[in-house]
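The structures considered in this document are given below.
Presented sequentially are two complexes of chain A, the first with chain B as partner and the second with chain C.
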Partner chain A sequence: MSNIDQKLLRHKVENINTLPTVPTVLKRLSAIIEKPRITMVEISNFISNDPALTSKVLKMVNSAIYGFPGRISSVSHATMLLGLNVIKGLLLGVSVFELMQKTMNGLYEHSLACAVVSRTIAQKKGLKDPEEVSVAGLLHDIGKVVLMLEFQKEYEAAMKEAQTKRISIFEAEQNQFGATHAHVGSWLAEKWRFPRNLIEVMEFHHRPALAKNAPLETAIVHLADILVRARGCGFAGENLVPAVHPAAFELIALAEADIKDVLKEMENNMEAAEDLS
Partner chain B sequence: MPKIPAAKLEPGMKLARPITAKSGMVMLGEGTELSDMWIERIRDMNIASVFIEGPPIQTISKEEALSNLEERFSQVEGKPYMNLIKKIVKEHVEGLYE
Partner chain C sequence: MPQPDYPAMKTVVVICKDIVLTNAIDRSLKGSCQSVVFSNMPSALDYIYNSIPNLIVINILKDDPFSINILNDFKNDPMFHQIPVLAILPEHFNLSHWDSLMIEDYIWKQDFEKDFILRANLCMMRSERIVEINPLTRLPGNISINRELQERIVRNENFAFGYADLDSFKPFNDRYGFGRGDEVIKITGRLILNIVKSKQPQGSFVGHVGGDDFVFIIDAGLSEEAAAEIIKAFDSIIPTFYDAGDFAQGFIKSFDRKGKASTFPVMSISIGIVETRARLFSHYGEIVQLAAEMKKFAKQFQGSCFKSDRRIGEEIKEQSRKKK
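The block that comes next holds the complex of A and B.
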């Protein structure tokens, strides 16, 4: 049974700006992106005023992960091309990079690989905004970072439980916290005013049948998570491949050759990933 | 696409990724064939390593990679579509060693 009250947990997560363990850069970013009517110009200025952040964002958009290799040289160009939601997601992604490295070694590689795989599948399925699906892949496990930051002891216990009982980290979190990284991620996504679809993907990437607004996007990130784990890329809490949800696999309906292409695309991009820090 | 330390670059190698300055500006584009002059410049710029076109270098042996794969799939044997996914990933991993 969990010994943490769900309401208290949610309250803590939603007040991430006041958590002492959260680094200033993420707090500042969180305060910016939760504004209800944030404009492209404000985001652009926020990035441009921080040289370290600027260089991280440009590196990321110019990596093959976003599909514009080497063509974007300014922040304003990047925000124009990618749109507000993708840029918000990207900013979070680059800002939690170091945190991910510190809190769970390998989680960033796992997340980047999920971003690449999600984008590749989305493109194969002809989705309108493959970059948005890519951001969902990049951020789907952000709840793990926050849980680890705020409840390190409990989270380590969950990882240990997953390892000894050979269960998924998702189940172990449920046992420890009475909630999972998927809940935590969706609470944050809501707080940060991400679009409904992204919130849904984060909430249901382990239970894709529950997605109502974005079933295909959710199924894509669900499958991406499984393929990345299958390949053994990065680390997301334990080393087991979870079973794919059959209906989600059928909904995406990729041919064998398509899945092979997806794996190749991941392979090509992962070596470049270490360069993004 | 292996990452090669600047000290080990040789003329004729081709860049698999562009070389960018701190600001994100592209200095040498993807596909550039390295000449002695470019290699010298890269070393002058204090760039530690660059991505070169070619097959990836694997850090673990094929046997180890395949046994890790078996281990990862150990809890989902026989679940719907998991044997198919395993087969595809296994072929993919084997392909990395050819």
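The block that comes next holds the complex of A and C.
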């Protein structure tokens, strides 16, 4: 059973102001900031390839200062609303997590692949804004970053427990913390006034049947998460591939050919991402 | 339409009995400002009301609560609240509370030579910077818009002026409440501002006329690109502000201006554009009027669009061809 007080855990999570990124992103970041005539599209593409930057930008645009909290869940919208100067200012304040680099890099890759797969499925399903689903895929695991950041030792213990007992990291977190990365991520997203649908996907991507407002989006990210694990892309905390929730699979109703397309799209994108780093 | 009062030189009203100090003030302001001197506040009021100076400099005396009261009453009127007041304070002047002296800035009399002209200029600049900001969007309003236009006209600049407003905004406001309407106004202002500034970081301008009316000034060659981007951004972001069901059906049920129930499409944005190279303008009102006409024209088309004024440009080309 967990020996961490739940109130304290939540308090610690809600006090986080910014999430760290990985070193490769930070390296490319300085080139982006120094580029004299960068366009909003370029900078928004760059941001939407990183969970830390994306969450930072969404936090800012949904803050009370701008006066439309809980509305914006796409990076390109956020960039246009904040403007280049504010965006550059935000990027200047990005830090790197020095510890657990291997895990962090693996998680980064997993999140990126999940974003691509979520977007591709959303496009196949004709959703009105595939970018929003892509952002949800990118951010679905930020609870893990939060836990690693605040409770490094405990998180390493959870990963170890998952490995030795051959259980999912989700279960191991529940044992270790009394809460999972899905809770933790949604607490932070709530505190940062992210749109309700996005919070819901983060909270229920392991239990898609519980999603009320955004069942399809949640199911998509749920499936994307598992497809990416099955393909061995990145590292999400353990090496198990859980089963897809049957109801979620039915809700999405992808044909086999569609799934092949989706996986192909993921591989193309991941190659492109590797070229960049 | 009345000609705007844009004197080349700024006007400073000086309220001071001390002749030596008055001369020193005159000397300092000479060349950059025109100064008008009064010996006390009551005699200055009439002039101030009628000419709205850029700055009031007041020499505060130790034992003159009467003048200070008049100054405070004057500053309490929202019409004149904007005019900056710079006080020159005597040595050992005792001030318990800023509420009892409504001024923007002060200098000590003994520091006059060192500080006066810098402070006076700073005061005027600061008040220009903060002229009527729209509380919703924090964008400058009509006075600044007119000034920006007139200054460019006087400098004989080539520029484009865009006038934008939203279609079907009122029914949206009625359907979802003014809170959500305000959100739409805020994002519209941010989108226009950021797109215009990203196209042209220096020398462009975005203002908020009020309600759902916005304007922008940008280099002539960039206006259509900017308008096209604003439209694209607006159309992509606006679904976020509708309830999912309403957006899916593509319209909302609400009331028109006459109070009749009707259905309304998802909001769009219409932009009218005027360029100054097409013809000579002497007054900002002419540009605003022409842009408003173009916007009205754009509004006749369904969905978001922009329309540039080409009529005059073609006529001019036509004429020059004929001359050849």
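The criterion applied here is as follows: the second predicted complex is superposed on the first by the 188 of 277 C-alpha atoms of A that agree within 3 Å, B and C clash if a C-alpha of one lies under 4 Å from a C-alpha of the other, contacts with A are read in each partner's own complex, and residues count from 1 in each chain.
Here is the rule we use: a residue touches a chain if its C-beta (ideal position, glycine included) is under 8 Å from a C-beta of that chain, and two chains touch if they have at least 3 such contacts.
Owing to the predicted nature of the structure, the values given are computational and were not obtained by experimental measurement.
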Open item on the list: If you tally the residues of chain A touched by each partner, is the higher count for chain B or for chain C?
Closed with: B
Open item on the list: Quick one: is A:T21 in contact with chain B, with chain C, with both, or with neither? Answer first, second, both or neither.
Closed with: neither
TODO: Quick one: classify A:L58 as touching chain B (first), chain C (second), both or neither.
DONE: first
Task: Partner chain(s) touched by A:L263 [first = chain B, second = chain C, both, neither] - done: first
Open item on the list: Quick check on the superposed pair: does A:G232 touch chain B, chain C, both, or neither? Answer first, second, both or neither.
Closed with: first
Open item on the list: Let me test your reading of the model: by the given contact rule, A:N105 touches which partner, first (chain B), second (chain C), both or neither?
Closed with: neither
Open item on the list: Just checking: does A:L84 make contact with chain B only, chain C only, both, or neither of them? Give me first, second, both or neither.
Closed with: second
Open item on the list: Taking the superposition on A as described, I'd like to know which of chain B and chain C A:R166 touches: first, second, both or neither.
Closed with: first
Open item on the list: Shared contact residues on chain A, chain B side and chain C side combined as an intersection?
Closed with: 72-73
Task: Interfacial residue positions of chain C with respect to chain A in the complex - done: 136, 182-183, 186-187, 190-191, 193-195, 197-198, 233, 236-237, 239-241, 247
Task: Contact footprint of chain B on chain A as seen in their complex - done: 54-55, 58-59, 62, 69-70, 72-73, 166, 226-227, 229-232, 239-244, 246, 249, 256, 259-260, 263-264, 267-268, 271-272, 274-275
TODO: Would you tell me which residues of chain A are touching chain C in their complex?
DONE: 39-40, 66-68, 71-73, 76-77, 80-85, 128-129
Open item on the list: Under the definition above, what is the set of chain B residues touching chain A in their complex?
Closed with: 1-3, 17-18, 20, 22-26, 29-30, 51, 56, 65, 68-69, 71-76, 79-82, 84-86, 88-89, 91-93, 96
